[in-house]
Amino acid sequence: AGCGSQGTEKTQGAAGDTIKIGVNYELSGNVATYGTSCKNGILLAFEEINAKGGVLGKKIEPLVQDNKSDNAESLSVATKLVSQGIVAMIGPATTGNVMAEEPVLTDAKIPLLATAATAPQVTFDEEKNKVRDFVFRICIIDPDQALVMANFVADELKLKNGAIMVDTTNDYSKGLGENFKEYFTAKGGKIVAEEGFVSTDNAFRAQLTRIAAKKPDFIYVPAYYNQVSLIIKQARELGIDVPFMGADGWDSPELVNIAEAKSLNGCYFTNHYSVEDPSPKIQDFVKAYQKKYNVIPDAFAALGYDAGYLMAAAIEKAGEADPIKIRQALEEIEDFEGVTGKLSFDEKHNPVKEVSIIKMVDGKQQLVTKLMPRQ
Amino acid sequence: MQDLLQQLLNGLSLGSIYALIAVGYTMVYGIVQLINFAHGDVMMVGAYVALGAALLGLGFVPSLVLAMIVCSLLGVVIERVAYRPVRPVSRLAALTSAIGVSLFLEYAVMFVLSPKVWTYPAILKERIFRVGGIVITSKDLLVLGTTLVLVVILQYIIYRTRIGKAMRAVSFDGTAAQLMGVNVNSTVGVTFAIGSAMAAAAGLLIGLYFNTVQPLMGLMPGLKAFIAAVLGGIGSVPGAMLGGILLGMTEALVSGFGGSMYRDAVAFGILILILLIRPTGLLGKGIQEKA
Amino acid sequence: MGGIKQPVLSLEDVNVHYGAIWALKGVNLTVGEGEIISLIGANGAGKTTTLRAISGIVRATSGRITFRGEDITRMAAHDIVKRGIAQVPEGRRVFANLTVIENLEMGAYIRNDKQGIKEDLERVLERFPRLKERRNQIAGTLSGGEQQMLAIGRALMTRPSLMLLDEPSMGLAPLLVKEIFAIIEEINREGTTILLVEQNARMALQIAERAYVLETGRIVLEGPAKELSRREEVKKAYLGG
Amino acid sequence: MPLLTVNRLNKSFGGLVALNNFNLNVEEGELVGLIGPNGAGKTTVFNLLTGLYQPTSGSIVFEGRDLKGKPPHLITKMGIARTFQNIRLFGNLSVLDNVKIAYQSVLNYGLIPAFFRVPPYSRRESEIEKEALGLLEIMHLERYAAEKAKNLPYGEQRRLEIARALATKPRLLLLDEPAAGMNPQETQELLSLIRWIRERFGLTIILIEHDMSLVMGLCERVLVLNYGSLIAEGTPQEIQQNPKVIEAYLGVDEGVTAWEE
Amino acid sequence: MQKRWSANIALIFVLVVIFAAVQVGIDSGLLSDYLLTSVFLIGINIILASSLNLINGFTGEFSLGHAGFMAVGAYVGAVITVKLGLPFPLAIICGMLATALAGLLVGLPTLRLKGDYLAIATLGFGEIIRVILVNIEYVGGARGILGIPRVVNWPILFCAVVLSVLLIRNFICSTHGRACLAIRENDLAASMMGINVTFYKVLAFVIGASLAGLAGVLYAHYFYIIQPAKFSFLLTFDVLVMVMVGGLGSLTGSVVGAVLLTILSTALQAIPELRMVLYALLLITSAVFRPQGLLGEKELTLHIFKRWGGVFGAAAHREQAQ
């Protein structure tokens, strides 16, 4: 019965003495480490901001919800958060879960800031050929990841024949696969095998056997860590010893746990940042994060941290905790300095940022290089 | 050709995993006439128990034995608490209860141990054999071998021992079995204990095979195992093995010919086809109803 | 009422309820060593319920059932079988998916004497040549009469000291009915006490020493079988004229 | 023309010949008994006549129409009804519903009226209800109308089976051991009941029964099956003196007296 | 006749009250969007549960293909409105027709199968439908169809639910429904009553499926997106549990089951970590203490409402059953 009052409060969170921000993440389920890292980063940021007095004189109140790495759950969580009066939403981490909640927020005219969803369609409706007004993201996008990796493989590693293995039930994975193929063949490389799997799979030998028959120099697997790790492990068991390449989905402590360090030696993936980056801004963040959570922050923690600060900046800029005004402010943000780089949004609400290439060495991530995909 | 052989072997290895779960499944299923939907989750618990044992430094065999003991107790408790009061009333109600138990195990484990994925320490030396270009791993042999052994053991128990005879009698008519001096409750209890111990063994092996242990790991294999059991003929232990291997082979071949997207559809399609031709599964005994 | 031998089984004031239905209302009944006792009564009188209560398949709500001096009222069904009470249940209840031989073997479940079991198996098959012919047929496909024979054979395999038979002649050809009754007498001669429930009251009263008449859950008449079969009310109600 | 002509009917299960070259002609209005030892193939004959089994060979012609390949529900609609040796009522449904269901084949209406309860619906429903209640009354079952069928006493269940069969408006009624589980008194009542419904509904009846008082009291003609083959056919008097029948079925010692006592 | 009328009037009264209450709640803003979502889920689940009950409870078939049927309805409906830009009523009609056809295609071949074999075959069909949807690019593959307009509002939902339940009730209480019941009780005897067993089994499938299709269309046009993954066998199990908890073979039971379980699972979202654990325990408890379901095979009538008030009617039945 008590919940009835929330809906009547049409002016939403602003009326209270806190600013409510939705935090919808994958805290359990298949890809729980992504969401958990993002959430931790966000909460750290909000904590710091609130300690310094909050924004517009008010404290930020994050409303954290677990979407269980499930699309339908993500939608229902978003509906719930909206009815609790949030003025903006941060998350989820993965493309699919963001896409699932998007219509609810757009209908409610509440801005959505995605942290790690990298597929182009997150901010851009390809069918209607128009930008999604209320959706922003602070991460690089997949064509950039694919381009950087394709160039790196062709120019630096000088590998010719590649194989691609994607999760065909995942737009992120499928998109990256397509982009990579396009850029790699443009560079004169050859894709000798393309295989697919579905996200519920855990046996990949059939596909790997087919790939092995084509004798590629490397295998590109842009997918989430829970599957990547099994794929690499099973490949090694089948005696496939070529390097694997991938994208930000690889960044999880679980990758090494499951696949085992030696299987990963010589593999590369693209990412949003690297803990190894000596820049002081990054190292300060790493220290603070480690102090609070006792683990090394991965890229998603960094993205979450940036998202928290970016959101606060936008609210400050908007001058009022009003969703429409915050949206406007987000669009106008320029040269925001975050741990994952300097960012402004392009016309499709995407930031233009550097892509890091990470190499796996004995279970540790090593920063190989940072590249700017486009100007 | 070599590829085809390798794919068949992949299928055999995947199939023996299905079979491994399916044999315990089908035994309980055949005798109690209950779709023990929680079987896959008992397997999951077995995998965790064995993992715990392994992390404490126990070797393969002690971990296995411990997991089997714990799970057989778990099986007995589940039967006692969730199935026994329901079974006589309605099979479908028992199914509801089983769905409840399945969810309970999954989410209780998730609550207690977090949803995170665990991996096994190296408790078994892994070896890779190459026979004329075909790769076989020691894990494949282990899984296949264990399944075979379990099938033999179960067949022996069901057809050659007193308790097996009691199980079969109970499965057909509990009251009549009582009149033959069979203790129905303890027979069903033993059935669950054995079935759950088999699940635990499967749990350890599957945990090792995929090197991952997580609370929902029983769901899909459980379903596939159930399908394998039906395919082979409900209650038939060799049928479950056959069904499992057939399912695994089909899936590997479909994937192996580039149809991985349609793999589940083809597998189900074949299942339905086989059932249409043999409505009681491959090795199931159907009796024509007498009017 | 003289001549009751050493009582083997006795029911004292036994009541049974099925939910709201009061099926047995204070039944008193004794069976003496070596006797054949018949229990007759109309449909639904509670005959089957009486046998089920003795075997422990339904629980008496009150009263006492003793077998050879031991209180078996609350004993589990399988333990009662071990005490030596076998039942040929109403409606045959053979194990439909087992073969004839397997069904018979199931009867010997509580026994361990391999040799004895084998001999008894042969004896049963001799007694029922029909079953011998069909020894490997799945019981579910046997004709009604064949199944009835199998049920009797199966009960014999437990080597009971007291055998409860629930309408063993139901659905049997006349020739077989006679045969079955002859077999019952023979089993009895060999030392097994018999409690027989029958619709075929004429035959039942012929072979029994004593009989009870059950009506809507109560014993309304009891006495030596010959005497009962001469009584008008029995003739009228149960002997068809 | 006979109502039913069965010609050289065979049925085997695997290697087992359950019915061997069985011939039978039944004239309109006859009451024919079918007896024989257990497992002789009597029920099999009924299963073949009602389409539950397909014959291995041979033909069944009912009212000039071949029944070959006809599914059971169509055979019922053509006018053959039966009861089952092991009672097969719709146990969880009311007695009234059991009978109403049987009117399905004669008093039907379409799906649209059913969904939307438009005219033919209520008219037909009340017709069905009236007829069903009438039949229950005839069979002295009206007081059980609302009771679940499985809660009825055994004898009443048998009567309900007959009532249900009658509701399909058959011309040929097949009764499979209707007296099984009845005591002699009840059997006598059943005997008069069968006589009566036969008159009342103008039925032709084939009766399988082990209770000789019923068979001899009712049937005009009796056929005897043994091991799937016909071993004798004739009036009850002829049958009870037939040595083959005595040997195979009635019993040598007191043969004739078995049902006369 | 008099009694029938007064019962009908009472029923209409209750329905009007329910309708008005929710409508007022929406208009006054007392029902938040989030709660409203639960109301819509309840409605959709009522349709799903009662149509599954028609197949499983009343006809005695064991079907596990309901999620697949719902998917067909949802997709066909969404294609009509989103891809072809046609009006919503057409989506409902086409969605239901397509699922009826799917029901026919599934029902016909699997008829020979009994019990668990039928269950697994229908489950297989449901999964096949899902896999096929994943592989059709036109409907978005695994991503599904996004941006479906939210056209379903409370009046539409309410009418759909009431009509569906009414239609099923009318069917069950007709000669055709009795035929289905007879088949459930004993199909051999049913065929001896002149019932075309094949026809009615398939008919039940077709009706049940097309109503699941309706539920699918409604779902798609309220929840913005549909994805194949949503329609997995787990969804069927959810619905099956509603049917079982309400009482297999009780139509009002399905309504009660759908309402209770949807509310339960929504309410439990307040304690996310323990939500499923508690849900599971409640399932087990209800199965153990009430194996025949809350209503058993009985129907909840307004009469009982009067006597016991609300949900306590179910408790009244327990006493009667004992």
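When the chains are written out, they are named A, B, C, D and E in that same order, and each has its own residue count from 1.
In this text, a contact is a pair of C-beta atoms (placed from the backbone, for glycine too) under 8 Å apart; a residue touches a chain by one contact, two chains touch by 3 or more.
For each chain, UniProt lists the protein as follows: E = ABC transporter, permease protein.
Note that this is a predicted model, so its numbers are computed, not measured.
K.L.:
By the touch criterion stated at the start, how many steps lie between chain B and chain C on the shortest route?
P.N.:
Shortest path length, in steps: 1.
K.L.:
When you check each chain against chain B and chain D, which touch both of them?
P.N.:
Both chain B and chain D are touched by C, E, going by the contact rule given at the top.
K.L.:
Across the interfaces D-E and A-B, which one involves more C-beta pairs in contact?
P.N.:
Greater number of contacting C-beta pairs: D-E.
K.L.:
Of the other chains, whose C-alpha centre is the longest way from the centre of chain C?
P.N.:
Looking at centroid distances, A is the chain farthest away.
K.L.:
Which integer distance in Å separates the CA centroid of chain B from that of chain E?
P.N.:
32
K.L.:
Between chain A and chain E, what's the gap in Å when you average each chain's C-alpha atoms?
P.N.:
Their C-alpha centroids are separated by 38 Å.
K.L.:
Can you compute the centre-to-centre distance for chain A and chain C, using the mean CA position of each chain? Integer Å is fine.
P.N.:
Computed value for the inter-centroid distance: 76 Å.
K.L.:
Which parts of chain B, given as residue numbers and ranges, touch two or more other chains?
P.N.:
Chain B, residues with two or more chain partners: 110, 261, 264, 290-291.
K.L.:
Out of chain D, which residues touch more than one other chain, so two or more?
P.N.:
Chain D, residues with two or more chain partners: 43, 50, 52, 84-85.
K.L.:
Going by the touch rule set out above, which residues of chain E reach two or more other chains?
P.N.:
As it turns out, chain E has residues touching two or more other chains at 134, 188.
K.L.:
Which residues of chain D touch chain C in the complex?
P.N.:
Contacts found on chain D: 13, 16, 35-40, 43, 85-86, 153-156, 177, 180-188, 210, 212-213, 248-251, 253-254, 258-259, 261.
K.L.:
If we count contacts the way the header does, which residues on chain B are in touch with chain C in the complex?
P.N.:
162, 165-166, 168-169, 172-173, 175-184, 285, 287-288, 290
K.L.:
Residues of chain D touching chain E in their complex?
P.N.:
It is residues 50-52, 71-73, 76-77, 81-82, 84, 88-93, 97, 100-109, 111, 113-117, 121, 124-125, 128, 164-165, 167-168 of chain D that touch chain E.
K.L.:
Can you tell me which positions in chain E touch chain A when the two form their complex?
P.N.:
Counting only chain E, the residues touching chain A are 28-35, 37, 134, 141-143, 146-147, 150, 223-225, 227-230, 269, 272.
K.L.:
With touch defined as at the start, can you tell me which chain C residues reach chain B in the complex?
P.N.:
Spelled out, the residues of chain C in touch with chain B are 55-57, 76-79, 81-82, 86-87, 89, 93-98, 102, 105-107, 109-110, 138, 140-141, 154-155, 158.
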